[in-house]
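Labels run A, B, C, D, E and F following the written order; every chain starts at residue 1.
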Amino acid sequence: MKIDVVALGETMIRLTPPGYNRIEQSHHLEMHVGGSESNTLIGLSRLGLSTVWLSRLNCNPLGQLVASSLRSHGVDTSHVVWTAEDRVGTYFMERGSEPRHSEVFYDRADSAASRMQPKDLPVDLFEPARAKLFHTTGITLGISESARLTAVEAVNLARQAGWKISFDTNHRVKLWSADRAAPCYREMMQLADIAFLPIRDAKNVLGCRADQNEEVVRELACQFPNATIVLTAGEQGAFAVQPSGKPIHQPAFRTALVERLGGGDAFTAGFLSAYVRDQSLETALCTGAAAAAVKYTIPGDLPLFDRRAVERIAAGSGSTSANDIAR
Amino acid sequence: MKIDVVALGETMIRLTPPGYNRIEQSHHLEMHVGGSESNTLIGLSRLGLSTVWLSRLNCNPLGQLVASSLRSHGVDTSHVVWTAEDRVGTYFMERGSEPRHSEVFYDRADSAASRMQPKDLPVDLFEPARAKLFHTTGITLGISESARLTAVEAVNLARQAGWKISFDTNHRVKLWSADRAAPCYREMMQLADIAFLPIRDAKNVLGCRADQNEEVVRELACQFPNATIVLTAGEQGAFAVQPSGKPIHQPAFRTALVERLGGGDAFTAGFLSAYVRDQSLETALCTGAAAAAVKYTIPGDLPLFDRRAVERIAAGSGSTSANDIAR
Amino acid sequence: MKIDVVALGETMIRLTPPGYNRIEQSHHLEMHVGGSESNTLIGLSRLGLSTVWLSRLNCNPLGQLVASSLRSHGVDTSHVVWTAEDRVGTYFMERGSEPRHSEVFYDRADSAASRMQPKDLPVDLFEPARAKLFHTTGITLGISESARLTAVEAVNLARQAGWKISFDTNHRVKLWSADRAAPCYREMMQLADIAFLPIRDAKNVLGCRADQNEEVVRELACQFPNATIVLTAGEQGAFAVQPSGKPIHQPAFRTALVERLGGGDAFTAGFLSAYVRDQSLETALCTGAAAAAVKYTIPGDLPLFDRRAVERIAAGSGSTSANDIAR
Amino acid sequence: MKIDVVALGETMIRLTPPGYNRIEQSHHLEMHVGGSESNTLIGLSRLGLSTVWLSRLNCNPLGQLVASSLRSHGVDTSHVVWTAEDRVGTYFMERGSEPRHSEVFYDRADSAASRMQPKDLPVDLFEPARAKLFHTTGITLGISESARLTAVEAVNLARQAGWKISFDTNHRVKLWSADRAAPCYREMMQLADIAFLPIRDAKNVLGCRADQNEEVVRELACQFPNATIVLTAGEQGAFAVQPSGKPIHQPAFRTALVERLGGGDAFTAGFLSAYVRDQSLETALCTGAAAAAVKYTIPGDLPLFDRRAVERIAAGSGSTSANDIAR
Amino acid sequence: MKIDVVALGETMIRLTPPGYNRIEQSHHLEMHVGGSESNTLIGLSRLGLSTVWLSRLNCNPLGQLVASSLRSHGVDTSHVVWTAEDRVGTYFMERGSEPRHSEVFYDRADSAASRMQPKDLPVDLFEPARAKLFHTTGITLGISESARLTAVEAVNLARQAGWKISFDTNHRVKLWSADRAAPCYREMMQLADIAFLPIRDAKNVLGCRADQNEEVVRELACQFPNATIVLTAGEQGAFAVQPSGKPIHQPAFRTALVERLGGGDAFTAGFLSAYVRDQSLETALCTGAAAAAVKYTIPGDLPLFDRRAVERIAAGSGSTSANDIAR
Amino acid sequence: MKIDVVALGETMIRLTPPGYNRIEQSHHLEMHVGGSESNTLIGLSRLGLSTVWLSRLNCNPLGQLVASSLRSHGVDTSHVVWTAEDRVGTYFMERGSEPRHSEVFYDRADSAASRMQPKDLPVDLFEPARAKLFHTTGITLGISESARLTAVEAVNLARQAGWKISFDTNHRVKLWSADRAAPCYREMMQLADIAFLPIRDAKNVLGCRADQNEEVVRELACQFPNATIVLTAGEQGAFAVQPSGKPIHQPAFRTALVERLGGGDAFTAGFLSAYVRDQSLETALCTGAAAAAVKYTIPGDLPLFDRRAVERIAAGSGSTSANDIAR
């Protein structure tokens, strides 16, 4: 069966006290599996596509939990590299409530994924017509130099095989500085067919100066003329522009938030599910927004939505062109 | 002791994952007991009335749980028919959060209650002056033909005994079509002294054409001139009209919703608690609205309110006549 | 990749109160996934083999939970037939403690699996050299006539493709009587290359008269001369004989029981894992016993063991031939 | 309907940390309802008898929980006296494991039940032929002087009505001293038709000197010649003698203990269920032993057994007379 | 090390069903530790100050839980008086949701703390320069006459030692009437350097007549000219005036409420943390408001905030003087 | 107040699935705090002694949890070194049941404690007469070279101050090899006044050749003539010999095991509690055995026993001298 999307990245174990409790007052922690690229693959898989995850895992119960979780949602994990050394990255999260922030602290140094190398890639997989699209994020670039080189090599292999390239900056300030990250992101975005950016990355990392979101999109389109640019702006919705096209806007759907984590990855899944089916940019943006909206209602990092629910919500909404906005 | 209300219907086991989790991501399910008529009886019992529940149950632990739950709240279950065959109906519910809908799927086919027959009725109970009112709903009519015949027979027995008849359409689209249900509901409403309808049933099942709620009430009052008509319209409150009377309106009380299920049954309990005590229609509507409001704050299907709390909330509100509204 | 084992059967949702609580005193139920054939496939998959599950599921959250659970442990569910009708079978279990029995009551009538038909089988899968072995149990024969015909057809297709046939009587007295079941089991055992029987089925269903376990094995070997017979006898261990061979005995490993359900299926998984790798009958019996022993220490129906743990325990034990026992 | 057993006593809320945790390391406590007399009534009710509980409760949520719990198991609570003052007694229990003892500490002073008075008794209930037997325990005598006087008055009313009297010493050292309690127990035992005593009460409170259990029974039979004496001796089983009869012995059934609390009350329920049905002393003892054995397998204080399970276990055992033992 | 704050009061065990469940429908209760003065000390301790708690506790597991909870947050409990008699006060709380009120019922009569006496005070502690401030509340005055006398004695000892005195009326209508309480509060407020009052106490207990909050503050400043008056008014924020100063106002911070209990005590902790560091009245009010806001987001009674979070929120806000408001 | 025991070591967060579940099948993990030296200090503190813990912690919620846990049980944590870098070590444990082993995997590399250095020691604390005894274990020596140097420096400082030195080999094979560890342990044991060894360390690490436990003790006494040697041998009990003394033996107390972790540390606490009170070697051994026995009944790593319970159990047992054993 033809693969739709192959993605490369790290997936971690998230440990969170129940409800709004602080770790200090808790006797147990919820255990979730989460990773930007695998979250997106799970979303794609639930939306009906065929997906493969590339990564490196420690063969202890935490690594097995990561793999079994992905498999349960239909993601192919048979190309994962297993190691008896290293560790599985973890992160702890306390849910906040206004005015107390949610707090995340990572414990991911020296993880098995951070030690992946270009030679770990399953070269045979990167054949022409074997898959349609390769996806990775700035997190993979930031976790280690060898992980970054692996991602670059994977992009090159995928391009040689004629696959599309998708990249999401997803900058993590706790991983590396904007100064170090920016040139790496720019390198990827030059190679990408589609680039996702949160507005904060466009401004804080890539240095976009425009005030209006649609101006930011235009600015990025000038810098990366070969890529479809997708800018996400939280409650202001998402903006996109194709090479030589006009910016379009998709408002965010109203949601009663249950868990914020994983919303961006769900958006990417929704968008790509339309993209690899050759649907219009408007449809892709709208499907992305609907996928994110449903994800926000589901506990945990994973976009455990049903295809039907996403389509129903997407169908209830249109998108407006930048021309309309501009007026 | 004189019985206030006798009701006939099916009660099921509801299984729900905790919080907003999906079944797929859950390791355990909350177990609740719920059934429209028994929910109403529990409400009546907690409001100080004497109640009897008629039904048919399988004598396995699920059936015992249903009966012990009703008994714990003071409902008399000594006339229930027990069988070693058949099953207890179950239903699964996933709580949604905007824009994801709550989803219910029933697994109630071939339940013990759906196989009750007119001959299962405790004929001796239906004596003049033994009870004041008999209540059932459209669900009982829809679960099977033999259940429907049992309900019709019970209504006839109750009328012969001089009891009042209360009927709530409570249409379930997953049970049967509006076309099949409508004539059965009309038959009941012709016999009823009091008929409860959600606005959606008035429109979608009974085909009321009026736009305004008070017009719908008037339309129904013309069709069923012997019954007090009570129309519930969610956040727009409830509307009622007595034979030859004028429609009155009761606004809904503001609530911070905890669990929506069972609100309508709680309303009916509140209304009937006043009705069987010969209180005014205004008081009945207001008590119904207060009972529903308190129920919405309580997890599970059951109206586990205290009489004092319902009365305190009801006391904080008046009702306005349709004349006032019409102006 | 070549498939090792294909199995056909029903998988249900098990609902159990926590610990030794009775359903009546519980507010929530643990939810487990369990089915004899799929339990065995999960065990085989965890022991390193490639497996495919054939069945029919309702596409509601319970059906999705069954499939995602199997996939998480590496079982291929891509040939499952999905239906929007019917239901997923459930069963309720209360754990007992001496002298109170554990109690199981099934609610599986009219399940999607019970309505599978021969035409639901993925004929293309049954190619020579595509898989090594087909497995099913007496439960599949007992849930419905159409399921039985489907199992018979699958065995015929598998034999035509040159695969080995494995059958476990696994008689369920709550499904059908010994009288009705016995000829169906005999038909299967005549076709099987390997037949598993608990000692109670050999005696109560197939009518074996011998007192000693090894005599029972010999008696069955005479009746089914083409099959390897494997008899499991609880704490007395397991007994096996190959066509024209001598009975051998494998004592049970000592276990501190955590959950009894699924032990037999784990035994079958352990045995078959050695069998399809062409290991000796002694090794197969011993691996089966070790697999069962580890399963008994794991909550739920599923044999969530690690290959290494099973092998370590198996390595700590030998088996004695029936000659030794006989003396 | 004729009442089988009326009992008078206090029921409390038990709060226990989960498993073997200490209170200090726990974030939540299990909440159980327990009281010696009501435990026995619940057992009797589940064994098919009609029961009424007399007590005094505070009308707060804890009092309501006590009443709803009893009602759920079929005990009639309509004669309970409700008060807006006083409190519901609580007790805390930490489960121990050898060599650490289980620890109970009571917080029951000034409870509503301890303040019941003879005038609280529903005099109308105590009619000839309205009920068969009245039961209370030494706990009711010990919680306060007014409670003791109420119990004495109830016994007198019951005797006047021609009911049988059942009394269980059930001495609580944390309530009062053996010296103060002994004359009160003796007074009751002179009035009782049946008296239950744990062996420790016979020795430590009533001062029996005999070493052998059957000698103790004989000693008590001499002192209280009008009562059937039932002595419970833990793993050594139970001993009983009727007026002018010979002692008989019932061994304890083997149990895998889940929760020890409430075993004695379950024994009393089993015994009395046979007694009020006019079954033999042997049957009563055996039913008591079986009821206790099943209770030990059920979490909480309450004997949530099924009549069938108790009868099945009782049927598997006989009883031997003291003569047989003596030889 | 110099002590910053010494406080005297009772701490109880709070038992609450999970979420919005009623006690009647719950199988377990969350266990929290809470007491007005110790809540404030915990907050102070977490804000970096050195604190000592004076009280009387029963040496059972509940008393140990109270002490270990305080110690875990850094409060010195070494001066607590331990007793083998008496009890630890408990209170039960059901969380409500509009329009159902949260309900609290206390079970605190005859607690160990209510029986503390002036001679229980650690006289040696009350040395000049040993601590900076003594704090107690109206609850301590209301639980018993001996507790009130102990508080009065402690205030006298603290004043002799030159410590500042802080008093919070914190009137509990379930403890004593406004009539009895008012003179006791006035006595304390005459001795206090700083007095906290909720607006409802100012009006309902102390009989303030002014309509506007700032007028109430002025009115109190006239009556208690030696004290800094701090008035808390819920969503309208807090108001304060120093002797001979002008009233200032601090708006409340917006919060998404998780648990309301303990907010006032957290406010006091925030205020006093600035006060004992000799910061401005504006800073103290603002730190109090920020501390309360963070507390509202944390389950349980305790202000388990981090100093950094409180300071970050406080820094985001200013305070306006009453002059500004008045205009 | 004079300190009784100062200890140095690392404390970690333990994460364990509930009951006998595997991590893979769990949705949440219990969170426990555990570290050999701090476990012992908590035990000592609960047995009435004054204790101080020296370590290095990350100031994130996990580090705060470690410190607050120790404080709650009365251990002084005011000398802990806090760092904003590094991490808190974690370890994951799956409880096994025969024949499946419990499995522990550590994730402790680069923890804050492993980076402690001699200069982190609070030199001022190590004054003559400030404390009685210093304790550390082989784990501290094994986690890093800098930690080992810190432990050596602490021992030197303690000796200079005239404190006693206590050392427990507590060899962890997952930390370092016996070859590397042995000379470090020997260095410590030469400096120690009291040395604890499990029998497996005596044999596998220190190379003791004797078969009988009492011979092993004698062998160690020859090698380390200045130390009291305490050998623990699981179910065979403990053995000890003082310089120039005769070996004595203390049988293990029977326990119904709840959680094995932390038993050795509890033994050490029990022993040292007697030792620092100058009680006899027999009493110390017996108190150690009783403390371990109680710990085994308590969930988690911590010895949350009451002094009274330990003393009661110890009082029920004597110890026999090696002479008696030898006969």
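One rule holds for everything that comes next: a residue touches a chain if its C-beta (ideal position, glycine included) is under 8 Å from a C-beta of that chain, and two chains touch if they have at least 3 such contacts.
Being a predicted model, the structure only gives us computed values, none of them experimental.
Asks: More contacting C-beta pairs: A-C or B-E?
Replies: B-E is joined by more C-beta pairs in contact.
Asks: Please pick, from B-C, A-C or D-E, the pair whose interface repeats that of E-F, with more than half of the contact pairs identical by residue number.
Replies: A-C
Asks: Using just the Cα atoms, superpose chain C onto chain F and tell me the rotation angle to the nearest 5°.
Replies: Nearest-5 rotation angle for the superposition: 120 degrees.
Asks: With centres defined as the mean C-alpha position, give me the chain A-chain E separation in Å.
Replies: The answer is 47 Å.
Asks: Measuring from the mean C-alpha position of chain B to the mean C-alpha position of chain D, what distance in angstrom results?
Replies: Computed value for the inter-centroid distance: 41 Å.
Asks: So which stretches of chain D touch two or more other chains?
Replies: Answer for chain D, listing residues that touch two or more other chains: 22, 24-27, 68.
Asks: Using the touch definition up top, name the residues of chain F that touch chain C in the complex.
Replies: So the residues of chain F touching chain C come out as 19-22, 24-25, 96-101.
Asks: Looking at the complex, which residues from chain D come into contact with chain E?
Replies: 15, 18, 22-24, 26-31, 60-62, 64-65, 68, 87, 90, 92, 94, 103, 105, 107, 109-110
Asks: State the interface residues of chain D toward chain C in the complex, per the touch definition above.
Replies: The contact residues of chain D facing chain C are 253-258, 290, 293-294, 297-300, 302, 304-305, 309, 313.
Asks: Where on chain D does chain B make contact in their complex?
Replies: Those in contact with chain B are residues 68-69, 71-74.
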